[in-house]
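Data block below; observations after.
Every chain is named by a letter (A, B, C and D) in the order it is written, and numbering of its residues begins at 1.
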Amino acid sequence: MSSNCQVRTDLALEARESVENTGGKMSGIRVEEYDIEEHGIHVTKVYVDTKNAAGRLGKPMGTYITIEADAMVEPDEGYHREISLCLAEELNDLLSEEGEKEEQSVLVVGLGNREVTADALGPQVLDNLFITRHMVKIYGKAAVGEGNVNLISCIEPGVMAKTGMETLEIVSGVIEETSPNVVLVVDALAARSTRRLNRTIQITNTGIQPGSGVGNHRSALTQESLGTPVIAVGVPTVVDAATIVEDALDKLMGPEKVFERGALSDLNNMYMTGKDVDEVIKRVSYTVSEGINIALKKGLVLNEDV
Amino acid sequence: MSSNCQVRTDLALEARESVENTGGKMSGIRVEEYDIEEHGIHVTKVYVDTKNAAGRLGKPMGTYITIEADAMVEPDEGYHREISLCLAEELNDLLSEEGEKEEQSVLVVGLGNREVTADALGPQVLDNLFITRHMVKIYGKAAVGEGNVNLISCIEPGVMAKTGMETLEIVSGVIEETSPNVVLVVDALAARSTRRLNRTIQITNTGIQPGSGVGNHRSALTQESLGTPVIAVGVPTVVDAATIVEDALDKLMGPEKVFERGALSDLNNMYMTGKDVDEVIKRVSYTVSEGINIALKKGLVLNEDV
Amino acid sequence: MSSNCQVRTDLALEARESVENTGGKMSGIRVEEYDIEEHGIHVTKVYVDTKNAAGRLGKPMGTYITIEADAMVEPDEGYHREISLCLAEELNDLLSEEGEKEEQSVLVVGLGNREVTADALGPQVLDNLFITRHMVKIYGKAAVGEGNVNLISCIEPGVMAKTGMETLEIVSGVIEETSPNVVLVVDALAARSTRRLNRTIQITNTGIQPGSGVGNHRSALTQESLGTPVIAVGVPTVVDAATIVEDALDKLMGPEKVFERGALSDLNNMYMTGKDVDEVIKRVSYTVSEGINIALKKGLVLNEDV
Amino acid sequence: MSSNCQVRTDLALEARESVENTGGKMSGIRVEEYDIEEHGIHVTKVYVDTKNAAGRLGKPMGTYITIEADAMVEPDEGYHREISLCLAEELNDLLSEEGEKEEQSVLVVGLGNREVTADALGPQVLDNLFITRHMVKIYGKAAVGEGNVNLISCIEPGVMAKTGMETLEIVSGVIEETSPNVVLVVDALAARSTRRLNRTIQITNTGIQPGSGVGNHRSALTQESLGTPVIAVGVPTVVDAATIVEDALDKLMGPEKVFERGALSDLNNMYMTGKDVDEVIKRVSYTVSEGINIALKKGLVLNEDV
């Protein structure tokens, strides 16, 4: 990278590529990969094990799972159930690390701005979740189904420009009152490469960092800030405008030509997205919400099987 | 009223009429009225002073201000600024009772369901509020304007069927984290008479009671439950279906004929609304949000004038 | 019925019940019924064969198919595919009456007002249709699939209060320019009984009549007015307010008591709907759109099988 | 410009700058400018008088009026009435060129996709128009106001991917049925410079060309294609992604370095927009709709004054 600033990506996968491309050392980072060939799904797990590696990557220590599936962006009658199933499995792996519970109480947080199409992933995922907490509280577990039942609740905190409050303030307050075991945060992300847009799901146990997401969050939503384990699920829906120009320049001018990122200041707060973003977000949101629904129900089914 | 059950209305004004029509005693209730004739506005203030009166009325002790203006339901280029100004004045009167502050910190709560047109008043009012809290917190008071500046924030808690949480849980949590001086709750109400639909604004310092609003809230949002003064602003947008049938029956059969409300059980969870409800809610929401904007800015201006 | 006016219902099934209940003769009307027991589906076909019968029923001559399924109103993972399949089959029967074509060109018209939840069925059905006309026109049939391909297009004409135009004007113009073989009109209907709300689909080859639907259309959309065969698909989502009160009065006062419908004039332009109308409309729209998708694709598949 | 392809902009103003910057001759083009200093408004009128000039500019012969106002992008209590008034005046000038009529019949077409925030300008402008045609047709002119009354109607044709039809087909059909005197097309445009986004209104009597707008229309909406005079009103809300990268490259590499636009093919069908696009589009739509409302009412008032 010819500029001095860090190119912006919310994907640990891309951050790692970026470090590797400049000849960076990769100690402290483990990588596992597998394919589900019949469905064209590629899964990469990046474990950032040391503070040193975290610093070089610009991402906190923890696990980053990336599900890549080109089909995700395309129409499909069944809303890509195969991708939902893969997401459910990986989610359950991370959830089980947070401690096996007979009954999980999960708060799903849909970040983003419903009014801005590319930033609407979080809110749209909430629209298709199977919410159970109120039914169990009012009618008992029998109202929802047999066996152990997870208590699922959700909140759409909105964006600071409209609420006047930090997302952290709202989510902290809701956690204090409802005491979930785990928080699942869903957000639209920024990728570095247009090739990954809407084709990739990242799952991580490191939560949401300041400056990430389409809306550039100001404060972290992490186990440290919330006092509860946080799993973040994100899909890149935009590319940061300055980043894409920088990458094009690198490609065309060669890495030896140094230029000032300041020359691109016009592009601050601009992002790039596709023209069919509405249909794509609608489909991808459904795939993600189904993955979450299956994961949270699966926990129940697994317990029942015992 | 020929049935034994209480006819449902969220308007103290209608509850009082109902008691009076059956010859009920009205001690413990004071009423003041005034007109703004050039604008066709009629204001009624009902003060419920005793527990006894509250019991007969089916409404808690406190102040209920009703602004009636037939023009409110009609299109108008200026979004009925005269009604917004009247609302602002009455709101400021109630706000000043909660203690004069150099700087108010106000949390506005938009109750209801954005997806159900007749229940969307609360969320739509939030869309047009002037939110300042984050700007003052980040950039200081100078960013918003001169003199004392109120900190305005807002939240749309959604409905329990979608979040799995009680509104009380969400609002309590947000209050704990952000410590407002006063909470302003906006909600769509149920009236008894179709004649009052979308033509009436009720302001009260008693908060929101269980079973009120279009969505029939399960838990109270009051100073007692929230630990913060609560002012509620509501506009009746629907009539309870069973109530309207009962009233029609009373009118046609005469008060001596007793019938069983159970015969109307098919109508539970049904409400009645007008066919142009979308345009009406859009207009009325704007009138209410402007009233709130003026009130919260006015507080500032009044302090400046001193 | 004790009043002199015709009680309003868009369902031929209810109109027939109403005539029968008052001892009306039923000559000129044939009825066929069948059940799909494992799915709790009941199908009634009412054939109105004579002008005389049409007059008594208040519905034009033609075929009225009613699919009743209590499950339709309830949540279901698969969006009630069994009901969609039943709808597809009945739709194909009516479509094939309009003449077997190797390639059908179908214009789907979504009537109603997207901003009024109970009237949003038509527009929401369009959102999930599989539209092919532009792909075939631009890329050829191979772009959509093998074999004969139906050309599907759709339009949401909006409501007159917002467009200034009659729906008939807009649809006629679009037909003139795009020459479909058949027009499929989808609309939210008014039922007489709350028991049928969102649990019933009516399919008819008589089109849409003035005064029908939630929005009370002013002009007919029929083969006569459009010059193209018209099949209408509707789901009752509201009950006319005056009708429900009249029915309650009949039930409580007995049929011998005559009262003036004028006493209920306050209820004009009011309708009654359920509190969870948003979730119900979302689900039912999907069931209907899937039925249409299957029907229009099935035509193709059937041809392929030959 | 170092690349051989034409940089994409829908603004005649920018096309002219682009030609001038490369030393192009400007014969056949006249330019008039004026300022409304107290409101920070700059108006430029570009008259493309010859086919030759049209070819060099890549824009058809006709009049292009550009209203630039930096304030337009910022919040304002009165929705920038001063800009609406300027738009109304320029619109009326173009409308009067189409022939003075006692009574104008105007069809407003809102192009774009309501579900994609940056492309929602056209549909959102329709939401705030004062529609009169149906009222005059049903109740007569007295229902709308005194004197001559324009008949205003509007249509939101949607996008081809959702309707299966070309916009031209839908609009042609509606014109055939309703015979307006003039068609007013509103659309979101692509600019070359981020500096002009949401701060500029272009009005032209040349209609809409293929490939213009955010959604890249496939067929022209012009007097030639529609048989009715067409005035287009547009606001740039996006920048074409490839264009912005090219411009950045030109700036950084110097005009002598030639590069292949093909290197940027990843950016096809991508556009760049700001993060607060929802609030901006909401405000700008209101400014434009008020301008149209004033213009179409003004025509009436002017006639009355005579």
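Keep this in mind: contacts are C-beta pairs under 8 Å (C-beta built on N, C-alpha and C of every residue); 3 or more make two chains touch, one makes a residue touch a chain.
As the structure is a prediction and not an experimental result, all values here were calculated from the model.
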item	value
Shortest contact path, chain B to chain D, counted in steps	2
Distance between the centres, which are taken as Cα means, of chain C and chain B, whole angstrom	38
Rounded Å distance, chain C centre to chain D centre (Cα mean)	39
Numbers and ranges of chain B residues touching at least 2 other chains	161
Category of the chain touch graph - line, ring, star, complete, other	ring
Touching pairs among all chains present in the structure	A-B, A-D, B-C, C-D
Of all residues in chain D, those that touch chain C in their complex	126, 131-135, 151-156, 158, 160-166, 169-170, 172-178
Of chain D, residues touching chain A in the complex	113, 115-119, 161, 194-195, 214-216, 239, 241, 244-245, 248-249, 251-253, 259, 263-264, 266-267, 269-279
